[in-house]
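The next part holds the structures, each set out as structure tokens.
Presented sequentially are two complexes of chain A, the first with chain B as partner and the second with chain C.
Let's turn to the complex of A and B:
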């Protein structure tokens, strides 16, 4: 698989790394896919990169590749701006090669990474239905989450027909961010009722931050006290997350 | 793919968990109190010896009633930060289906206590006070002083060793399902040997059933010490299926076997596990290097070489194998160890004879055993009365004479047997007199 931008690939991996340290990619002629849950079973990433994202894509049949994303991140940190990337996986030797070529084609670097014992990939995501949907500017959302972090570990996200609200309450005080439907940060709100749920800021921040590197908007799907789905539109691919809600205390 | 029977026959329903009825009832009642919303204690602490169904019960309950299990092994992460990140977060959040049906299973809690505990226990205690889902702690030994803070936060449920009949019944069931015919007396012996540890009994059963056509009681003896076999099989699995040299090395932790024995186990299993000839050569190469270290370590008593020998040994497979293993391959019991165990007694006798001869003849025991002992056996088998004199001279016991006679028996004539009997008698008399 050859990609025009190595940076882009690094950002994609970073986005997966927000949830898991290691994961199994399912590679087919159509592209690569990964569905994985974090060890605490709170968040899930659903990632797909279609073969059309690549300038060149070749796959000799369906296979699975398990690798340590955290180890790969170490390699990807060495990427320089403007480099193109070719990813080659040798299933026999279980080695993944990353070949980086700079813009002028004067330097070629090859990083080879050993992959892990293959673990059967997860192939389905939980079936959920959502009552509300909102499309927002991702940086505005990230800001709202970072603000909430000042007072609490949790943030209540509310979507109603007129606005999206982030509310965090802590011993220190309360922080609330409102995005009105009329405002520039909100692209779309689709709901008849008001829905809300609480989420761990830890998880939200990691995920939204990773998503903000790749997409300018975030699509939030929510039902009251149900998991939230965060989608980040990426070209010829899919990047979606689920985060479980906090259990409301009695 | 061959599964471990332990996994294959793990109970899928609470009613399938054998033994410990009282403990099971207590646990189920506690889970019910969670479902009703008001548990008295937010955590349950299941404790008792290994292999009797503590973890199995939790998994079976989760499976039967549709709970998501967040399983964490305490020995993997013992610091406060990780404890908070995984158990802490998980204890306050619902599942990804949006339900609250979740059990957090913290296995090997005593594992955190034993090692450097960087705030893990304290963090766990805090988490228990705030959790919104049931937390189940599992340990063999809950009485470690360091675990005191979480003991009084949790409902203590004791699991006892399973009775012989319970283990026997379960083994019998498995045999029937697997279609293997093993005589009842053998199963009974296995059950006895397991000392109430069903998991190891099933492991032993699988090892026996896979190794030969007909199984006799004697084979059970060959399995050796129950614990060791169980542990060595688990350790081997870790060594052969490890992802990194480091994780392969961890396999030996807590294993009470000397490295020499483990070396034999690994060496003998390599050809079955590593199929590719090039890989095999590479693995052997590394093992050979480990062997060099072991030998030098023993010869020069340089124990510090251990730290090179052991990682080479355990890491040999990870480092040498390029092609991944295809499915699970059974491990075999090394013939060398089996033979050594079988002839342990005889080796001891031989050694004793050699010692006696060595001191009388001013020889090394090695020389005595190699050069004098065979002649002694021959002399004994000839009828001229010299044998008994020599036997007296060397102060051999009846047992030792018996050994010598037996081992050179095939060539012995009938009269010689009588002669040996005579020698034995005369030895007896002398020993009585003295």
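Let's turn to the complex of A and C:
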């Protein structure tokens, strides 16, 4: 698989790393897919990159590749601007090669990583239905989450027909951010009722921050006291997350 | 006393002058009331447990101080906290304060200048020393949060090893190996059953690390460095173990302290909570002060706010899980009651938590039963524990994703 921008690939891996340290990719002719949960089973990432995202894509058949994302991130940090990336996986030797070539083609760097044994790969996500959907500007949402972090470890997210509200309460006081349906940060709200749930800021922040590197908008799907689905539209692919709520009375 | 002052004592513990006073009132109190006797001569021959203390004042020029026991028997245990749980605190204090130190000023980057000190620290049995002072020892005591209390000190002119040091084979091997990193050296000795206190002694005098990168490390820092290094490595193993299948509850009471451990049947996470009652070492105020710090499955990258105790208890917890072959979410609680007002060193936490984990745990199927059990053992109300503890709150309130198995 050859990608025009190595940076983009690094951002995608960072987005997966927001949830897991290691993961199993399912690779087919159509592209690569990964569904993985964090060890505490509080968050889940559902990632897909279609073969059409690549300038060149070749795959001999269906296979699985398990690797330490943390280890790979160490190398991806060394990427320079303008470099292209070719990813080659040797299933027999269980080795993944990442080849970086700079814009002028004068330097080629190859990083080979041993992959891990696949223990248990997940290919399903929980079946959930959502009562409300909202599309918002991702930076505005990230700001609201960071604000909440000032007073609390968790934040209540409410979606009603007119607005999306982030509310955090702590010993210091409360912080509330409201996004009105009329405002520039809200692209769409789709709901008849008011729904809400509380989420750990720790999880939310990591995920939304990673998503904000890849997408300008975040699609939130929510039902009261149920997991939230956060979707970040990316070209030729899919990046979605689930986070389980903290169960609170109100 | 205003709350800010109380709180800053808990965060400072005599090291950062957060209250604005030049000398910590808690420590100076003890410095002044203790009138110590000491020898007033330029020369002494006495056994060393062995003991070497490295100060942190003046870093990177620090004082390295081998110490001897001028009078007394059973010299061996004077510097071996692993053996102190059955001795009462006053005796430990007396024992420690009778240690006579001989100070040398050294640049931390030049540990190779101290060959004799190195041989001394490597020994597992007491070694007879001849100490010649340029200034006779002054009666003086030193109390520290992390390291055990220390007695009088003089300025060393010449040190001579009289007896035969007994150097355990694993230590000898590590000392000769100039390629080992400090972490590898620590883990090598630990897995060869060298006591943690001995590893810490060696760590502080700068004999670990690849040749050319070796440094002398103040005792205070080396104690926590070793607790942290070993527990970090153990946790990597713990995280691969199967999860406990029920809630476990441990309790231990010792010298005005209650220690409690709750282990929940989830993957590795760790939390350390201390509740200081009024008029205790780090809480001169009238209200109970509760502090906590924690890490999740991914660990932590910053230094824990509670310092040495956090890492000492983490080591004891990881050791327990390795022994059981299971991992869990551990919540450790310590209540410190009125009457416990000496900074005694983190060995007190490490050894008490180790001892606690030797007991048979009570088992529970439900977090609510565990909390009820907890409330019957602590003086602090359950609601305060729940409010303070990140991990208890998480267990109680955080839901988890349910994904159909393949």
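Please note the rule applied: the second predicted complex is superposed on the first by the 248 of 250 C-alpha atoms of A that agree within 3 Å, B and C clash if a C-alpha of one lies under 4 Å from a C-alpha of the other, contacts with A are read in each partner's own complex, and residues count from 1 in each chain.
Simple rule for what comes next: a residue touches a chain if its C-beta (ideal position, glycine included) is under 8 Å from a C-beta of that chain, and two chains touch if they have at least 3 such contacts.
Bear in mind the structure is a predicted one, so any value in this text is a computation, not a measurement.
**Student:** For the combined arrangement obtained by superposing on chain A, do chain B and chain C clash, or do they fit?
**Tutor:** Clash - chain B and chain C, as placed by superposing on chain A, overlap.
**Student:** Kindly classify A:39 by the partners it touches after superposition: chain B alone (first), chain C alone (second), both, or neither?
**Tutor:** Both partners, chain B and chain C.
**Student:** Between chain B (first) and chain C (second), which, if any, makes contact with A:116: first, second, both or neither?
**Tutor:** first
**Student:** Check whether A:21 is in contact with chain B, with chain C, with both or with neither, and answer first, second, both or neither.
**Tutor:** second
**Student:** State whether A:124 touches chain B only (first), chain C only (second), both chains, or neither.
**Tutor:** second
**Student:** For A:242, is the partner it touches chain B (first), chain C (second), both, or none of the two (neither)?
**Tutor:** both
**Student:** Using the touch definition from the top, say if A:93 reaches chain B (first), chain C (second), both or neither.
**Tutor:** It touches chain B, and chain C stays clear.
**Student:** Which chain A residues come up in both lists, the one for chain B and the one for chain C?
**Tutor:** In chain A, positions 37, 39-44, 126, 200, 202, 227, 242, 244-247 sit in both the chain B and chain C interfaces.
**Student:** Looking at the complex, which residues from chain C come into contact with chain A?
**Tutor:** Residue positions touching the partner: 239, 266-269, 296-298, 390, 394, 397-404, 406.
**Student:** What residues of chain A sit close enough to touch chain B in their complex?
**Tutor:** Answer in residue numbers: 37, 39-44, 92-94, 116-118, 126, 128, 200, 202-203, 223, 225-227, 242, 244-247, 249-250.
**Student:** For chain A, which residues count as touching chain C in their complex?
**Tutor:** Going by the criterion above, the answer is residues 21, 37-44, 120-127, 153, 198, 200, 202, 227, 242, 244-248.
**Student:** Within the complex, which stretch of chain B touches chain A?
**Tutor:** Chain B residues touching chain A: 37, 68, 70, 72, 85-87, 89-90, 92-98, 100, 102, 132-133, 241, 243, 322-324.
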